[in-house]
């Protein structure tokens, strides 16, 4: 679970929960988590890494230390992690779930292979022939996929490379609302519980007009619309 | 000499350590600004790497996230987290930048909790990629304010390994020999680490500050380098590039 | 070392050596070798797999068996392999060595990351701006690369996807020559030792005319030239 | 009934085991022909996978190599060896086809040496991807001539695991439970494996052959299935597709 939002600060709501003692916490690192998912993706129950060693992060993780039987060097062993469900938003997918991603993939390719159930949302559905015309571009094959949903702008308010930038104003509003539980409840009622579907949410946030602004931002085009 | 603020001073001081051709793993904020500044001044071939997969971008603006589009704008490769972290694990990245709520005399960093871990007074994000960077990169760089609540005798929680409890401890724990904290850059001074004891030591003090100022804002005893000097001030050119090209909106330097 | 050439049969020369007792042999499998290279590419000294177990292939490898500390399951552990030098032929590279590959990559991406020295040969050099325009397509970054050589048709007599098919006639001639050591010597003198460079070798084999035939074959175009 | 040769018989018999929607890992030659035939007849959604990275191609002709362009012609993905092998290691591939110089009653396969390993009489290619396929796929299929020099009491070298030395041995060695040899298809018969003893047994005999013929060309005692039957002959349609679409140049069926 991620409570840090980098340059945007911490999620106040998540932080409150973490400090409340209501949730049990386990420490890992980004690569530790990626390795755990990669282990599952490779079909093995553990993988070695040379991180976490010597730290309290290690002590409060579920990882173990072992020696390499060939070199005698110490390694941290990470247990494989098989997520029950993963949702990945991609640029293009065919109706079967063959997917293409443009730009960095973080740990999505490993995640797609590790998850027990995989939901793909896609900016656009493309014909199977398009996929088959350039198989080098496929990064997730259909047999890993349980559902494909065409959700244009589905990464909003997040950034979708080459499509639209993140909506920092909306995210700021969200994080501000989180500071006060009542405000946060109101925010959620309006934007999440109060809407029928994703398109309604998008409409509330400025709809296609807003997306066009974010698209211009993504492409580093200056504009004076706001 | 031009006027400049604390953040500008720290970024310029940090940028100078990044020699041309080196590879540096950065996050968002001041470290990224330092890397951009170095690249636009003395290190045109600096390789900037982001943990989510962006490799050697030509950064058009400061990224907001280590995974946003800026981090691979005109990059040589848009890869993924495993590829980047494994490139670091193979020892191919020279520098990384880290921060934290606490740092101790061995450069251990805490970005997890203040207080007891199981009942924290304050909860921070935890490692994120910090432990990985601090385990894999050859040299750890830290930019942080000089403050005795931050510079503590013993961090409440070692999120990311510095020299742990002293000479040989990293190696004993299994970390690669020759790696560890390198420079800690604050609003008052640049600190390095004594090669023998691996303890933090003052290497240069910024104009307007003294060793005493630095020590008074540190919660443990600092060593002082025999070659103590005054930190060179930012040059006009550095400040111009930083203000006009790196951070024109003053997201970082306006803090 | 590979002595099997699949549908083409075994290399008689390699087989002779293997049977002569002059070379020491160690058994692995394709995935075992790929895992060994992948371990090096990941920066760790071993990786686990669930193959080789229970077989003489395992007994005559250098792999070891260990239990997963989390699940108790048995795994074979493979020692990392760091090749001294690797040579990889790619479709496009810039002068710095940033590479693009079209089609399957076998274990080349891992190999590029594992090798101590890496030589890239490329069908064509492209400008750095072309690489930077689509960073998603880069699979080998320049900082892994020690040398870049522009060698058009450099995969000949092998297959280069989307460029030209393998020259089965020439390969048959080669394998036939291998049956007799004297014939093989003559073959090598003519085609390998007797030529100045790769282009001369290509010329001997039919030059650009032959490549055009193989290109037609690659693209499944029928032609009557031979 | 149409006239057909031994290779055609074997390919048609093998193809029938590949049900629609299954995934099969193949090499070149007869196994690939069987998979293509299945795909062009009763199993249009058969997923054909090649170890070098070709996933679900629409094969225009028989590939010469498991890594040639044909193996990913109009494929859904052109990937790499690790991705394919790890897909198999995760248990996502139902069938694989293997061959070998020797096979024993437990379906263990030898494609490494005849004679002593350290001083071989004959040296073969070794595992290649065979051990991986045989370790990872749920069901191992073998196409091979019935010959007592091939069907031996004990293989000189276990390259690829069958049921090793009997029931429970695969699991004890660490291989995934429920995996193992499934069908052995020869010029004379189709053999399966007794669920209790894991020993090879005759399940169907091709037209023109008897159990006695099969046993006489086998170097160990074969069990006989209680439901022994005659192998159905290739249909006109199967032969037409095989000859016209799968292998028009008779690379395989002309052998």
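Read from first to last, the chains carry the letters A, B, C and D; within each, the first residue is number 1.
Following the convention adopted for this analysis, a residue touches a chain if its C-beta (ideal position, glycine included) is under 8 Å from a C-beta of that chain, and two chains touch if they have at least 3 such contacts.
The shown structure was predicted, so the numbers you read here are calculated from the model rather than taken from an experiment.
Common neighbours of chain A and chain B (chains touching each): C.
Separation of chain B from chain D in touch steps, taking the shortest path, is 2. For the pairs C-D and B-C, the larger set of C-beta contacts lies at C-D. Comparing mean CA positions across the assembly, the chain most remote from chain A is D. Centroids of chain C and chain D (each the mean of its C-alpha atoms) stand 26 Å apart. Chain A and chain D have Cα centroids lying 41 Å from one another.
Mean C-alpha positions place chain A and chain C at a centre distance of 36 Å. Contact of a single residue of chain C with at least two other chains is seen at positions 43-44, 49-50, 73, 75, 102-103, 135-136. Listed for chain B are residues 72, 78-79, 82, 89, 136, each touching two or more other chains.
Touching chain pairs in this entry, ordered by label, are A-B, A-C, A-D, B-C, C-D. Across the complex, chain D is touched by residues 2-8, 10, 15, 18-19, 21, 27-32, 34-35, 38, 49-57, 60, 65, 73-76, 102-110, 159, 161-162, 165-166, 168, 218, 220 of chain C. Those residues of chain B whose C-beta lies close enough to touch chain C in the complex are 23, 47, 55-58, 72, 74-79, 82, 86-92, 136. Chain B makes touch with chain A in their complex at residues 27-29, 51-54, 60-69, 71-72, 78-82, 85, 89, 108, 112, 117, 119-120, 122-132, 135-136, 157-161, 164, 169-170, 172-176, 251.
Put simply, chain C touches chain B in their complex at residues 41-44, 96, 98, 113, 131-133, 135-136, 138-139, 141-143. Across the complex, chain A meets chain C through its residues 43-50, 64, 66, 68-71, 73, 75, 77, 79-80, 101-103, 135-136.
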